[in-house]
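See structure below.
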Amino acid sequence: MSAALARAGRVALVPALAIFSALAVGGLIIVVSDSTALRDWSSFVANPGRALSTSWDVVSGAYGALFRTSLGGRRAISETLLEATPLVLTGLSVTFAFRAGLFNIGGDGQFLAGALTSVYVGFSLDIPAALHLPLALAAGVAAGALWGGIAGVLKARTGAHEVITTIMLNFVALRLVDYALSTDVFRRTGRSDPISKQVLETARLPRFSDDLRVHAGLVLALVTAYGVWWLLFRSTTGFRVRAVGASPSAARYAGMAVGGTWVLSMLVAGGLAGLAGATTVLGVRFSLTGGFSNLGFDAIALALLGRSHPAGVVAAALLFGVLRAGATGMAAEASTPVDIIVVIQALVIVFVAAPSLIRSVYRIGAGRGTGPVAFSSSWGS
Amino acid sequence: MRVELRGITKRFPGVVANADVDLEVDGGQVLALLGENGAGKSTLMNVLFGLYEPDGGEILLDGSPVRFASPAASIAAGIGMVHQHFMLVPVFSVLENVMLGVETTTRLGGLDRRAARARLVELSAAYNLQVDPDADVEDLSVGAQQRVEILKALYRQADCLILDEPTAVLTPPEIDDLFRIITTLTESGRSVIFISHKLGEVRRIADRITVLRRGEVVGTTTPAESSEADLAALMVGREVQLVVDKSPARPGQPVLRVEGLRVLDERGVAVVDGVSFEVAAGEIVAVAGVQGNGQTELVEALAGLRAVDAGTVHLDGEDVTGLQPRRLLERGMAHVPEDRQRDGVVGAFPVRDNLVLNTFRRRPFARGLRIDRRAIRDNASRLMADFDIRAASPEVAAATLSGGNQQKVIVAREFGHADRLLIAAQPTRGLDVGSIQYIHRRIVDKRDEGAAVLLVSTELDEVLALADRVIVVFRGHIVGTVPRADATRDHLGLLMAGATA
Amino acid sequence: MTAATRAAGVLTTSQAAERRRARTIGVVFLLAAAVMGAGFGLGVEAGLDSTFGLNVRGTGAELPDLVVPSRLVAAVLAVVCAGLGGVQLARGFTRRLPAVAAVVAVCFVAAFLTWAAAGASFNLTGMLQSTLLRATPLALGACAGVLCERAGVVNIALEGMMLTAAFTGALVASAAGDQLVGVVGAVAVGGLLGLVLALLSIRYRVDQIIGGTVINIFALGLTSFLSQKVFSEYQELNSPGVLRVVRIPLLAELPVLGPVLFANNLFVYAMLLLVPLLTIGLFRTRWGLRVRAVGEHPRAADTVGIDVLQVRYRTVVLGGMVAGLAGAFFTLGSVGRFDENMTAGRGFIALAALIFGRWHPVGALAAALVFGFAESLQSKLAILSTPIPSEFLLMAPYLVTLLVVAGVVGRSRAPAADGQPYVKG
């Protein structure tokens, strides 16, 4: 028992330090960009106490507002869970591809493909809820899987690097959605801006309570996380996916279809991101507007922070949910722009992806952890 | 140039690669550095070449001590090295490769190709090293690439040339060419260090021989003073007993029948052509030949890993040409791959998973989609005991195991389902003698259980120890089939060099 | 198998693939001709003319507008392409194929424009000018990528570098009251981010894709954060103005060529200078030979005494500086103000241009021109009211890149060690 705890502690050490460091650097940026604090720092020699206390006030004000808005009370927690829902799914998407040795940078495109298709099914069909909702969800998963699958097929058939293809597919999806939203099929009647028609009541994900926005998509995401864990670590499919990811040549020699596994993995990864898009339009927004969600990039942070393990991804998604939900409060109360969250997320990735950086900062010995991952090899075609 | 190493010691985490090594070679001499794979030859030479800094000892050139912090320093001092894996940029021309690092430039700062070419042409004429300066290196044959490497060293005015396993990839005529070049080099007063583990070659070319074992010098001698048997004994530390105790084969029905097989390599060149042979149940057929004569592609084609361009493969009378590896496995074929680290094990996976790498879909390891982890663990404990696999637990990653233990993992896995046919490619390459004997024993046992065994090996000793029948390949063709009784080292050697039987 | 069929069978698979490809290309030519003839030719009413304006406001020499009969021109161009397709199918252009393909592409575009401008007027010179202008940051960005990747460091951080540099350019130029100082600041910040990428990938051996992604996210977050925090409060810090157009005496007076090539701002000239300089540098100098060696086979470079890591550091920092110049274009060469996420994925198009251009500066420029053309065409087509949705033109660079990496239209080969960290020993 204690050994298991110690192991969990070791696994969590680097991520925990990474989060701490990212928040610290984020605090520094908040101070540096605050005019009052800067003024006090310019008279640091005359009055060092004031510079420090102002800085502390600024940072604690911002972070305090962040945690109050995300964790202080029932509604706050609901918002956090709401933010975490798509993050769990996109994080799982990147994780699944990671395990197959693929870098799915195309979460945004797959998300859009899923959202577009789900929204279409959601507003266009007039059928009972028992059919409508599952159908709308399934349509989103299928579209996401298709979008991811293209990259998988290109990789398997032609060796095209999935990083390049998924980036390109992101932008193709973006333009495709822009186009769709300019057509009469999608565009809301009477509107000239790109916004889709409303999803019908029958296709909406139910909420837990009338006054809270968190919806059944959360349960769906957690069940999916369990499913992905089972698939990866308890099924023959997962065995194959992980073997192909760890050593494609040994997997091939052992009779596994490497290309087929890549395609399958990208289908699953795309499907997961597509589901994230589906839950977002069917659970909160009920319509689609253009533009990237940038969830695809957050998802990379989540997969790294969660050590490419579904349980880790869920934990990391909850943390990011706190940051995202708190960001609005921080902006309102402490007038710290929400984008600081993006900076903190970027810093988290750096610190997690470069364990040697964290180790040199905190002077902890090299663990036996996994070595640096390498996705960028065999670039191009 | 006279090169001396005194008391060189080099440690890596957990291993001493070189311990107190002394070595010397005079100008005009060839020193052979003999040792098994992993004896520390390459490490020692990388120390001399400035790639590693030694933890102890000194290097003397013509009597004066030097320190090399980088290859640049070593090159400047007149050391040249031809690495086992050539250090050539494939997409560069010969000229560009030769001038890289010591570029002559015009007054405007551009590359002065004209001057460099003139020197290169001059050198290649003086030492009879024919290459086209403007050819891209990737289009050259292996032998030509080696000439480029030697020219590269000469272009840098190397006085001492290190050749690391230079014959491993050469055909016999190319080896003769290389030896002529080495003679020209020593005649011009240069010293040559020739690294090899091939006894015959070493005795043929060397003036003096230094033998390395487990990082230490175990003896220095001359070809005249020592026979191949002496050298082998020095190299491995005890009298080699490569003879495996086995009864005569009792061949049964043919299991593998190959007819008119043609296989292409990546460039579309037929590297196996018109190959036909049979392997019967209860016999070991060895495919002998110098590395690179189509063995790799032949095995890959038989194992379903490479497309068959023409011809057929039958297993127990059924046409299995072009079947996926998985289907062949189901029909009782097992395959011990040549490159065990890359193709044989998934390094990041624990030993227990590597032991079911190609059987995890079957009962009892899986029921439908669900994996039975207990069955996999039980299987691991059993096989680790049966095959004497030394690992801390079945949970440790295969990558942390020694080469011998990794190979035992593969053998344990593959032998489990080698009911009809076992294909073993270079099954003991780079292993210690203990592991070699163990694996040889297991292969013979498999034969005696009634499986057909196809052994592919470039080591004549292994071929002679195990085979009931020998097929010799040369440039993708079978140039001779020899029953074990008629197979002598000389006869096989002649065939391997391309003479027809 | 008889001896004869055996000999015939010597035809290797790669040759067969080559033939298949040649045939496919011939069919593509014919299809293009069909679209041109049936779509662009018969798609317009007979008797309509297409008018092409050749003058841009304020240039010296005036030329009359070019007026052509729409149907006839499209038909003639279609026939030319059909002919070329026929020849390709019959015997194949081998060495001259790239040139022939370029001719077909130009014919196709010309036929398309003739069709689009049927019965209307279209300013050709203006569009060429805007093509070059839009291609400039793409070409600069792609050159930055060429530098990094030739040295073996994958740079998907171009977007982030350009965005940060755009921000810095605006800030520094506004504070200093001089746009050139802003350019210097942007280049310096680009170099700094290059150093970050180099440190992450070389010292800390972070996977280069992850390192690049981090820089992209970080740049987006930080520039958005700071522009909200700082620029909203001090708007005077975000009003750098635009670098003025420098007209080259005499040359700028040439018709068509003058306004397109010789009346531009500093960024365009810098780009037009950088491309040949970089080509010569990479392929004709000691520096270039070493950079390429390090990107292709770092261990070989090491064994001949080249300091691999140092070469990589320097080249990646230099690449960052070029990306900085590309980024400064957006604020100081085009808009005159920083807006959040103003690069809007241009860094990724630059990456696409790098791959489409086969890791070569000239190829990168050509690709950037194609992409710049698509972008400017998209904005012009809106005026001509063609039935083609502009979104599909904006999609073109990405689709083309997908086809290229999939090997559908020729293959491009990355430097062999691109993306792989080098560990000594």
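By letter and in written order, the chains are A, B and C; residue numbering begins at 1 in each of them.
What we mean here is this: a residue touches a chain if its C-beta (ideal position, glycine included) is under 8 Å from a C-beta of that chain, and two chains touch if they have at least 3 such contacts.
A quick map from chain label to UniProt name: A = Nucleoside ABC transporter, permease protein 1.
If you're wondering where the values come from, they're calculated on a predicted model, not measured in any experiment.
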Using the definition of touching given at the top, classify the network of chains in this structure as line, ring, star, complete or other. complete
Note: of the two pairs A-C and A-B, more contacts are counted for A-C
Which chain has its C-alpha centroid at the greatest distance from the C-alpha centroid of chain A? B
On a C-alpha centroid basis, what's the spacing between chain B and chain C, in Å? 46
So what's the Cα centroid distance for chain A and chain C, whole Å? 31
Centroid distance [mean C-alpha coordinates] between chain B and chain A, Å: 47
Chain C-touching residues of chain A, taken from the complex the two chains share: 29, 33-35, 103, 105, 154, 157-161, 163-165, 167-169, 171-172, 174-176, 178-179, 182, 294, 297, 300-301, 304, 336-337, 339-347, 349-350, 353-354, 356-357, 372-381
Please give the residue numbers of chain B that touch chain C in the complex, ascending. 46, 49, 51-52, 70-73, 75-76, 81, 83, 86-92, 96-97, 99-103, 105, 109-111, 152, 156, 260, 264, 267-270, 309-310
Which chain A residues qualify as touching chain B in the complex? 234-239, 242-243, 246-247, 249-257, 370
Help me check something: in the complex, which residues belonging to chain C touch chain B? 1, 9-10, 12-15, 280, 284-286, 289-290, 292-293, 296-297, 299-307, 416, 424-425
Of all residues in chain B, which touch chain A in the complex? 303-305, 324-326, 328-329, 335, 337, 342-349, 353, 357-358, 360-361, 366, 369-371, 373
